[in-house]
Amino acid sequence: AEKQKLEDGSELINKDQFIFATSGEFKPFSYINDDLTMSGFDIEVGEAIAKEMGLEPVQKRIKFKGIVEGVKTGRADAAVASHTINPQRSKHVSFSTPYYYSGPKIFTRPDSKIRTVEDLKGKEVAVAKGSTYADTASKYTDKIKTYDSDITALKALSSGRHDAVITDFVTGKTAEKEGFEIKGQQLINRSEQAVVLPQDNPQLLKRVNESLEQLRENGTLTQISIKYFGEDITKKPE
Amino acid sequence: MDTKEMIKIKQLNKSFGDLHVLKNIDMTVYESDVVCLIGSSGSGKSTLLRCLNFLERKDNGNIIIEGNEVNPRTDDLNKIREKVGMVFQNFNLFPHKTVLENIIEAPIMVKGVDKEKAIIKAKQLLKKVGLEDKSDVYPSKLSGGQKQRVAIARALAMEPDIMLFDEPTSALDPELVGEVLTTMKDLAEEGMTMVVVTHEMGFAREVADWIVYMHDGKIIERGTPEQFFNHPKEERTREFLTATMLK
Amino acid sequence: MPSFSHFFHILMDTKGVFFKAMLLTLELTVVSILIGIVIGLVFALLKISNIKILELISDIYVYLVRGTPLIVQIFILYFGISGIFLLPDFWAASLALALHNGAYISEILRGAIQSVDKGQFEAGRSLGMTKTLTLRRIILPQAFRRALPPLGNQFIISLKDSSLAAFISMNELFNVATTLGSNNFDEMTYLLIVAVYYLLLVALMTFVVNRTEQKLTVSDR
Amino acid sequence: MPSFSHFFHILMDTKGVFFKAMLLTLELTVVSILIGIVIGLVFALLKISNIKILELISDIYVYLVRGTPLIVQIFILYFGISGIFLLPDFWAASLALALHNGAYISEILRGAIQSVDKGQFEAGRSLGMTKTLTLRRIILPQAFRRALPPLGNQFIISLKDSSLAAFISMNELFNVATTLGSNNFDEMTYLLIVAVYYLLLVALMTFVVNRTEQKLTVSDR
Amino acid sequence: MDTKEMIKIKQLNKSFGDLHVLKNIDMTVYESDVVCLIGSSGSGKSTLLRCLNFLERKDNGNIIIEGNEVNPRTDDLNKIREKVGMVFQNFNLFPHKTVLENIIEAPIMVKGVDKEKAIIKAKQLLKKVGLEDKSDVYPSKLSGGQKQRVAIARALAMEPDIMLFDEPTSALDPELVGEVLTTMKDLAEEGMTMVVVTHEMGFAREVADWIVYMHDGKIIERGTPEQFFNHPKEERTREFLTATMLK
């Protein structure tokens, strides 16, 4: 697929636009509104980056597991979709600097005996397809079930299926608040989330990183984080 | 007469929607009688036969089988049907069963006869209808005449007291009619009570004890073959006979 | 199971979004059927061309489509097409569905063409018409008429199949339902709502198809 | 598009895991068809029961299933069944597919039962057999025989439909393919591989179905 | 004779697979001749007619139409078909077009006649076959005899020099045969060159200039109706005539 080349060597699908992909099924990071547009933390970050680069932000909804493929094949210029940086993905796409810090957490039903990763041995763990949590889970058990979205996995857990779900702690916490019968257990580790870009577009990567730096410094990222989570998750935890 | 009344029908009526098909039918059939029902197409012959076997439900009137009035709502019709065998124009053999299986099906499943006894009986019946060599054959391999003889054997296997035949030879090629009529004649000679709807005037004249002529849902005339064919009383009957003989 | 009042409340609340999504579902269906008819016609003609290699091509196409699940086809075509040239999403999804429909429609049309009496073809030829002209003016109009009922049926199938376009990010009914469902942590209610939309659409289409069929029968010549 | 050698390499590498997935696909298909036949038979009998309310129930069931996309049904049943009693995943998925198949099978069986000559029923009744006995011993054996070709066809459809169980976490062929594909950032290769598996399965099934049909025709009585 | 040779066939052969259907056929049809082809079923009459119209491809031999040998491989068969009209047993009217549209289709699409002229011509032809009031009717509304007369008009609309008829009355109810034969007779009287496969011996006797009798793919006998019907030379012909007249 042919993209339009800009003066600085970066390439965009449409030279005035920054088309960024998100799933829309990862509340509160991304979710859809009544007019089928999306809102959420990821969306506002994506829009802020676009504006910082002087481009018109255009959101694009792709199922989570199709996003990397979509960025690779040029259906979007980038993805601002809570992708965790990991070496596997790095072979196929480029990552920006992290724009927030989170971590996979174990979720179970309230009455579960599972507390820590050690307890997962031989248990059935559900995760979202295309997420890094499958890798995480596979370190502790070989019974892994995959769904298209984290929420569906949590819903299955809540309705009595599987033994645990590994997902982002913020997402899990939100579901818990929404009345799912689940409970957060161990925070497995910390992870860094970043913007995903195609590998053959180093100039664009550079511009995105510059913009993120700018947004970090002028407090925009912090401001967006507070708005959605009441805390700042964009600072690297000590 | 002192013979037993096998079937007695009183003031039987039957309609399909607006169509009044049977109108105040009265009829008695005594033991060992052979009654031939004749009449033009649509006159109600099949419907009458089917009412006797309760495949059709009467509107009103009485049907008394071997002295017991039958009430279709409360009586066990299947028990009564065991007494009354029926042979259809289209044979209605079970195509997924062999000749033997066709015959033993009902005795085993309905009467609870045990399988060996049923088979012995079936083989006797097959011999009687001249088909002892066909017991393991499927119906599709039989000629029409053979099929109808199997159907007769199948009905006889339930040891009925009465046999009803609805145009048993109408679906047959002319050269196959004879073998079926012969079987029926044998049956009549053994004393079976029979009601036969037929267009075979030769058979009616030779075998029937009584001829009943129906027209437009009513019984117009009845009599011995001699009376009926040679001295018909009604104008309608004469017309019918002329038309039939001309063919 | 959600309570009825909850269900009804959300049904009313979301009618705007779902109406938009329904339009997209209909667009996808109509476009994919129309393109599918063109594709189907081409492959039906290949199949009856009496040229071995063309028949083979048509056979292989039909075999591949009938031999694999639609969802696999949609994914392959969506990513496969993207690898070659970048169609807008809507067209990529429509094309994927159309290629699927095309195989079934080609079978429908081939059957309809072959059901037209051979004498019609000979009558055309005997009047000096070329093969193509006879096909175009005499055979195809009759074939299409016969194909209408099964095409209507295919339309309804396709309406339901378009739900799988959800997985290639079309905001059609099913996608909107699952997304809203997961946004609101209430999948069941939204699924039931979308089921109602599909039932209505299918009932409507069935009605239209039956009416058309009846009309054709009445005015049948 | 992946190169052929890459494709072949991965095809070989993954044959173990795909073979396991294929078994699950087959299990899902077979179980859902078998349960579907039971369900279909029940609703076919309701439909021919001559009892208005039972007929209506059967009609509604068929209407609901035919009026909504399978993926919607799968989601609703998967989570809906869970709300009532908690079936193991495999059985929940099978039951969802079976309820879908059941509607189509009930239509197949109803058609087959009604195609058996009415005289067969009357012959049974005239021999003193009860309605149920006649149905069981005389009508159904003949109906099933006639239903075999469309049932075979439904089996093949169901084989492909089972791919949608992927979305309720069954590790059948399609789910394994997309999961491996997204893990390895190489969806296309895995999709093409899984397409090959489906083609093989469908070809095999088609062969078996045709053979069975032929055998039945030869030994037809 | 000095008249024009409209059709000349030399040593024509045609097989379907192993079945040799036409064997060394020689035949000449002159201008304004009416030739009736008769023969029992399967003797090859239809195949011969279809070869003349190139709906069937000959294996070998020569077909010369109006002095020009036709080579199906290189010649434009559609041009030749314009000269040779054909009427089929089953009419083969186009059911999706009205009677008028049936007739004007080929003149407009093939010859490029403009629509108004085609309509005027079509109406004349409809008048000729006695169906001027049916022009806007669809074929399904016509009787068999009317259908066949429309089919004749449709063929005539291309202004052919030769007309081929393949059992034009076999699919008709007996009472409708007459109207079609009359139309054909009128055509013959106007001097149309015609080859007619028929079982209507009355028509053949009255209208034909020549009778050709085929049997088993060969022409067995030919002659004027007088010679053929009254003094057949061949044993086969006599047998055929006896059998036909008996029916």
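We call the chains A, B, C, D and E, going by the order they appear; numbering starts again at 1 in every chain.
Everything that follows uses one rule, which is that contacts are C-beta pairs under 8 Å (C-beta built on N, C-alpha and C of every residue); 3 or more make two chains touch, one makes a residue touch a chain.
For clarity, every value in this text was computed on a predicted model and none was experimentally measured.
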- [ ] Enumerate, in label order, the chains that touch subunit B and subunit C alike.
- [x] D
Open item on the list: From the mean C-alpha coordinate of subunit B to that of subunit D, what's the distance rounded to whole Å?
Closed with: 46
Task: For subunit D paired with subunit E, centre-to-centre distance based on mean C-alpha positions, whole Å - done: 56
Open item on the list: Centroid of subunit A to centroid of subunit E, CA atoms only: how many Å?
Closed with: 80
Task: Distance from the mean Cα position of subunit D to that of subunit C, given in whole angstrom - done: 22
Task: Per-residue multi-chain contacts in subunit A, two or more chains - done: 66, 69, 148, 155
Task: Per-residue multi-chain contacts in subunit D, two or more chains - done: 79, 83, 178, 187
Task: Touching pairs - complete list by chain label - done: A-C, A-D, B-D, C-D, C-E
Open item on the list: List the residues on subunit B that touch subunit D in their complex, please.
Closed with: 53, 55, 78-79, 81-82, 84-86, 88, 90, 92-96, 105-106, 109-111, 138-141, 154-155, 158
Open item on the list: Going by the contact rule set out above, which residues of subunit D touch subunit C in the complex?
Closed with: 1, 63-64, 66-72, 75-76, 79-80, 83, 160-161, 163-164, 166, 174, 177-178, 187-188, 191-192, 194-195, 198-199, 202-203
TODO: Give every residue of subunit A touching subunit C within the complex, in rising order.
DONE: 1-2, 13, 24-25, 27, 31-32, 34-36, 60-63, 66, 69-70, 73-75, 148-149, 151-152, 155, 174-175, 178-180
Task: Residues of subunit A touching subunit D in the complex - done: 65-66, 68-69, 72, 88-89, 91-93, 126, 129-130, 134-135, 145-148, 153, 155-156, 159-162
Task: Of subunit D, residues touching subunit A in the complex - done: 79, 82-83, 86, 89, 167-169, 171, 175, 178-179, 182-183, 185, 187
